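Pasting the structures here.
Two complexes come next, and they have one chain in common, chain A, joined by chain B in the first and chain C in the second.
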Partner chain A sequence: MQAELLRVKNLVRRYELRSGLFSRQQRYIHAVDGVSFSLNRAETLGIVGESGCGKTTLSRAMLRLVEPDEGEIIFRGRDIRSLTKEELRRERRHMQIVFQDPFGSFNPRMTVRELIDEPLSVHSRDSAAARLERVREVMAKVGLDPRLCDRHPHEFSGGQRQRIGIARALVLRPELIIGDEPVSALDVSIRAQILNLMKQLQEESGASFVMVSHDLGAIRFICHRVAVMYLGRVVEEGRTEDVFREPLHPYTRGLIDAVPVPRLRPGKTRQLLTGEIPSPVNPPRGCHFHPRCPLALKQCNSVAPAFNEVGGGRRVACHLFAPTGGIDTPAPVPVEKAGLAGRRPDQH
Partner chain B sequence: MEAAPPLLEIDGLSIDAMLADGPVRLVDGVTLGLRAGEVLGLVGESGCGKSLLSYSILRLLAPGLRISGGDIRLEGRSLATLPERKIRAMRGNEISMIFQEPMTALNPVFTIGDQVAEVFRTHQRLSRPQARAKAVEALAAVGVPSPEIRVGQYPADLSGGMRQRVMIAMALACRPKILIADEPTTALDTTIQAQILELMRGLQRNFGTSIVFISHDLGVVAEVADHVAVLYCGRVVEEAPVAELFRNPRHPYTRGLMGAVPQPDAEDMPDVLHEIKGNVPRPGHLPGGCRFHPRCPVARDICRISDPPRVAVGAQHHVACWEAADAS
Partner chain C sequence: MSHEQLDAADAGPAYRRRSGPARAWSALHALLLQSPSAFIGALILVLIVFACFIVPALLGQDGEATDLLNTFVPPVWQEGGSWATPLGTDHLGRDTLSRILIGGRISLTVAFCAVAMALSIGLVLGTLSGFYGGWIDSVIMRVGDLFLAYPFMLLTISVIALLGPSLTNLIIILALADWVTYARTVRGSVIAVRGKEYVRAAEAIGTPNRTIIRRHILPNTIAPILVLATVRAANYIIWESGLSFLGMGVPPPTPTWGIMLAEGRNYILNAWWLVTLPGLAIMFTILSVNLLGDGLRDAMDPRLKRVGK
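Then we have the complex of A and B:
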């Protein structure tokens, strides 16, 4: 089934910077700067990038947990940006999120049963008995002993708590699950258990899954497709296997090469990226990546590359792969109009 | 390298937490050696004792923790019993340390220059201008761009990677024999981590500093260490030169850790990751026999009853596992 569940178009979320008393210009950080992608039913998409790339803001904005400033979010055929509060509340049962920190995201006074039941009691009209039945079923599914349902979260280890978080997300049988760094806080031996569980549950339930992470290995293991973000923009997107086997964007290549792997790799030449991740307050002009890019061309410091389709459902925002070139951004743009300035030709 | 006597010897070291209802052993009879010019990687999951072990070398254990057995020797001198005054003189001079979070280790109200210069003023009794000049030099040596500007800035003005470079500059200011690095790149982004690891390797080559490198990440250890010790529940379960360990891991826990990590640049991705079942047991609730046996895929009767001995399975390669003991 290749039906589309979610389409995000030109999503922008900016944060106002508090400016000085006499400053005339209002300045913004473009945390998410015109991101577009689509997600089919039963498909998994990884969003990967380093700090400040906007991946977490994007994951919140696509659920309207933070309000986007521009763009569309078509979920189950409707733009959820146009929904009223009440309509959105009802739609929420179809979209759930699993957070990174299984220690901070639960009310410590609630039992596991109450925690997992909470979404049900909000969204369903089932009887208490039917809901308990469902709670037990979901607990078993995520590998928790249903007999432990009256315990409190602090009695569980980190890995088990993340299972509770997954159970909470699954209990409503949502169509979309977002995982925000769901395994990053876990120990190596536990991480593998949770990754296997998430992959298996996604395949069984047929839910679509967006996994936001800085962990490239986890993304490659779980996701059908991957989008690589840098300073608020997607720089490369495609089928996971294609992107990891043959990264096209120099940033993707550098990122994959920078991951230390637990094996020997003698003689392998790696391209270490130089320089720092620039501040999103003052992103470099043209291609945001050009100051760190080992392959930068002349136009890269002035012209933002278009996000081009390069075949096989693969898109890259890089002049090396753009025969037609990008659009000119000749002068620094007044920031009030920055929403337009960051716009690329594929975004109309 | 083979015959050089260890610069630092950890000899049967045990560390206890003193709790109301008696001591709980957190590090249990660890024996390790660090040779001059070598990087020793200590790897393990939370609670394995790797950080305690490193803190105990500089006698920085938190109150309530104490060395309950064994010894630590630097060039033959016992550190476990040295008076506090002498230990203090040694910290920063002969052995120094860098930490995971460089923000909390730097003082936010002093400039970078003040903090780096302080090391030279304290340990080498240099004048202010001399110390300042040395600070600029030290920052340049760790790849901080325009160090003469950076010395006037505050920690908050610097990125995480730059702060860690400053910490490294401070730690190496007095050319210590040993640098203890406790998860120095864990808080950093992947591409910045790669730069810092590269920097540390370069400094180690140039200055001949010996490094104890603590990490939860077997991949990081594979990149920096010459010799690796794998810890589990307060014990060393396997140690070997890095190439030997990755070519021929013998302990089921080591093998499990290696298989549990999906590698982004692998040829093929498995459908199911290798899992280590169960959870890390809590200190004070350790299973009898081999501590890994409840999670071990090849555990046998003897593993439940009796602690495996440490056996040599190759040159400098030791493992504490009954399977290896029977084979040798």
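Then we have the complex of A and C:
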């Protein structure tokens, strides 16, 4: 079960800013700025962060729906970035995506049957009858009545449409499914159903999921591991229950504390984030998070922290947890760590 | 669509796929229900086509026979009219009715063929341009600008001077002069559709480009193109009239609506029917084509599909 399916190394995607016709100065937005992670088979990874932190760009860059500028994406043992267009097109049958917008991601002229059949018609050599059988099977699996297969997507509700989207991603039995905010556009009541469905399908199919979301609750429910992104970089990664129980990076802690809790346990404090997310055009030097960080050290505004392993499969990009204790403050780690771990944020 | 309707249809398939004539008939029936004006347009157009292409053969006239003893005979309902020539005769004694019908053949043929030709060129180039962008787009659009910059009359005169006036040349001229209009409209809609999430989704699935164009882009760009084509078809009838009027269209004595207008103009004060009747024919044809185009656009939008009345 621990076989690695996907490894992303130092992925970079930047967008050029055109300031003016004759401007010589090239300015870039680093939407994804050196992201690395790996994903095992049958594992679900959540990528969480505020709006604008680059998580959607990351999800698209992983599939080369937007071309990454640097880095490697090793999927099933091959670097996707080295594939030709045609090879990539063929490889796509193993990696599918569920889009955020269940309204815009279907061609309004196609019926549900045609929509779900599209991946099959492109990649499979089965007969039309066999494909229809598979379409019905998948529809039933995601909780749609197969008798409705000749309807158009606009005749369905948002939740049903997202089921269509999931059926479409599932129909080829891919090894990797990426969910780009798959439940963000849905009503809260529908959201739980869809999340349950996704979790159940993931367990049944044995596919790996990458779920991109700003919804901590959804991530926590569905994901085995979680990676927290801030301004194009991953700041913390680890097993979901570890990260939620004991967030190490001050940003993660702020993010988790920002989730409203009905009643705070006595003796617990919340560490809420202050300030705005800085402009990605002109990110702060050193650690991107230092202007908002309540625990910033001296070196945080000049030296970008390395992404260090801190044990238990967790990695954190923060000077507080650097193995040598940072550059000019020797070993402050245990104290700060203890301070941060003082709260249990998982009782919602 | 409401849930009641969904539930009601659960009892059985909402609509089965029929084949052959049954399907054609149900399509026509649906058109009548959805858009009565389109139905009327289609009806008038069918009548006009039938009258122009079948009736003259039944009458046994070609509209070119002259009868100098019976010039300027008024229509039958006016004093001095005769049933032999129900819509009167012109300055050479030719039967106005058969000339309108025969002329309609030319006008309709020109309009249909010119639309077909200009649309094919425009659709292919506009789609390439909009879908692939980059240098392909630049090249096609600059060539298009070249055609737009070239005056229509100059183009016409040069082609006619080179090839001589004929029906085929007329169609070629119209197509050459007008493909850019289609190409630009197509390009615009293709670019709009290309940015849609469902095209991104198709790319993510791994659908090849030509399938994306055929399955996602073209069906969703066709509505504005269809309307454009009907409007332009009407224009071609008028252009053909104008060119024939100037002697650069179909050579006489073949009647066309344009030539009839041009010739009848001289006698407008004492023989009103010579201009008015071909003019009415043009008007009704254009009207029916436009009605049909508008209705088809609505009928092709699945979101506007109505169940029953």
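One rule holds in what follows: the second predicted complex is superposed on the first by the 312 of 348 C-alpha atoms of A that agree within 3 Å, B and C clash if a C-alpha of one lies under 4 Å from a C-alpha of the other, contacts with A are read in each partner's own complex, and residues count from 1 in each chain.
Going forward, a contact is a pair of C-beta atoms (placed from the backbone, for glycine too) under 8 Å apart; a residue touches a chain by one contact, two chains touch by 3 or more.
Predicted model, so just to flag it, every value in this text is computed and none were measured.
Novice: Evaluate whether chain B and chain C can sit on chain A together after superposition, giving fit or clash.
Specialist: Pair status: fit.
Novice: Considering only the touch criterion stated at the top, classify A:145 as touching first (chain B), second (chain C), both, or neither.
Specialist: second
Novice: Can you tell me whether chain B or chain C touches more residues on chain A?
Specialist: The partner making contact with more of chain A's residues is B.
Novice: Go through the superposed model and pick first if A:190 touches only chain B, second if only chain C, both, or neither.
Specialist: The answer is first: A:190 touches chain B but not chain C.
Novice: Under the stated touch criterion, which partner chain does A:72 make contact with: chain B (first), chain C (second), both, or neither?
Specialist: neither
Novice: Should A:118 be classified as contacting the first partner (chain B), the second (chain C), both, or neither?
Specialist: A:118 sits against chain C, while chain B stays out of touch.
Novice: On the overlay, how many Å separate the closest CA atoms of chain B and chain C?
Specialist: Minimum C-alpha separation, chain B to chain C, in the superposed model is 7 Å.
Novice: Applying the document's contact rule, which stretches of chain B touch chain A when the two form their complex?
Specialist: Result: residues 45-46, 159, 161-162, 189-195, 197-198, 216-223, 242-243, 246-247, 256-266, 269-270, 272-277, 279-280, 295 of chain B touch chain A.
Novice: Under the stated contact criterion, what part of chain A meets chain B in this complex?
Specialist: It comes out as residues 50-51, 157, 159-160, 187-193, 195-196, 199, 214, 216-221, 241, 244, 254-264, 272-274, 276-277.
Novice: Which residues of chain C touch chain A in the complex?
Specialist: Per the touch definition, chain C meets chain A at residues 1, 6, 10, 13-15, 17, 196-198, 200-208, 211, 215-216, 219-220, 302-303, 305.
Novice: Could you please specify the touching residues of chain A with respect to chain C in the complex?
Specialist: Its residues touching chain C are 63, 65, 88-93, 96-97, 99, 101, 104-110, 118-119, 122-123, 145, 147-148, 150-152, 154-155, 168.
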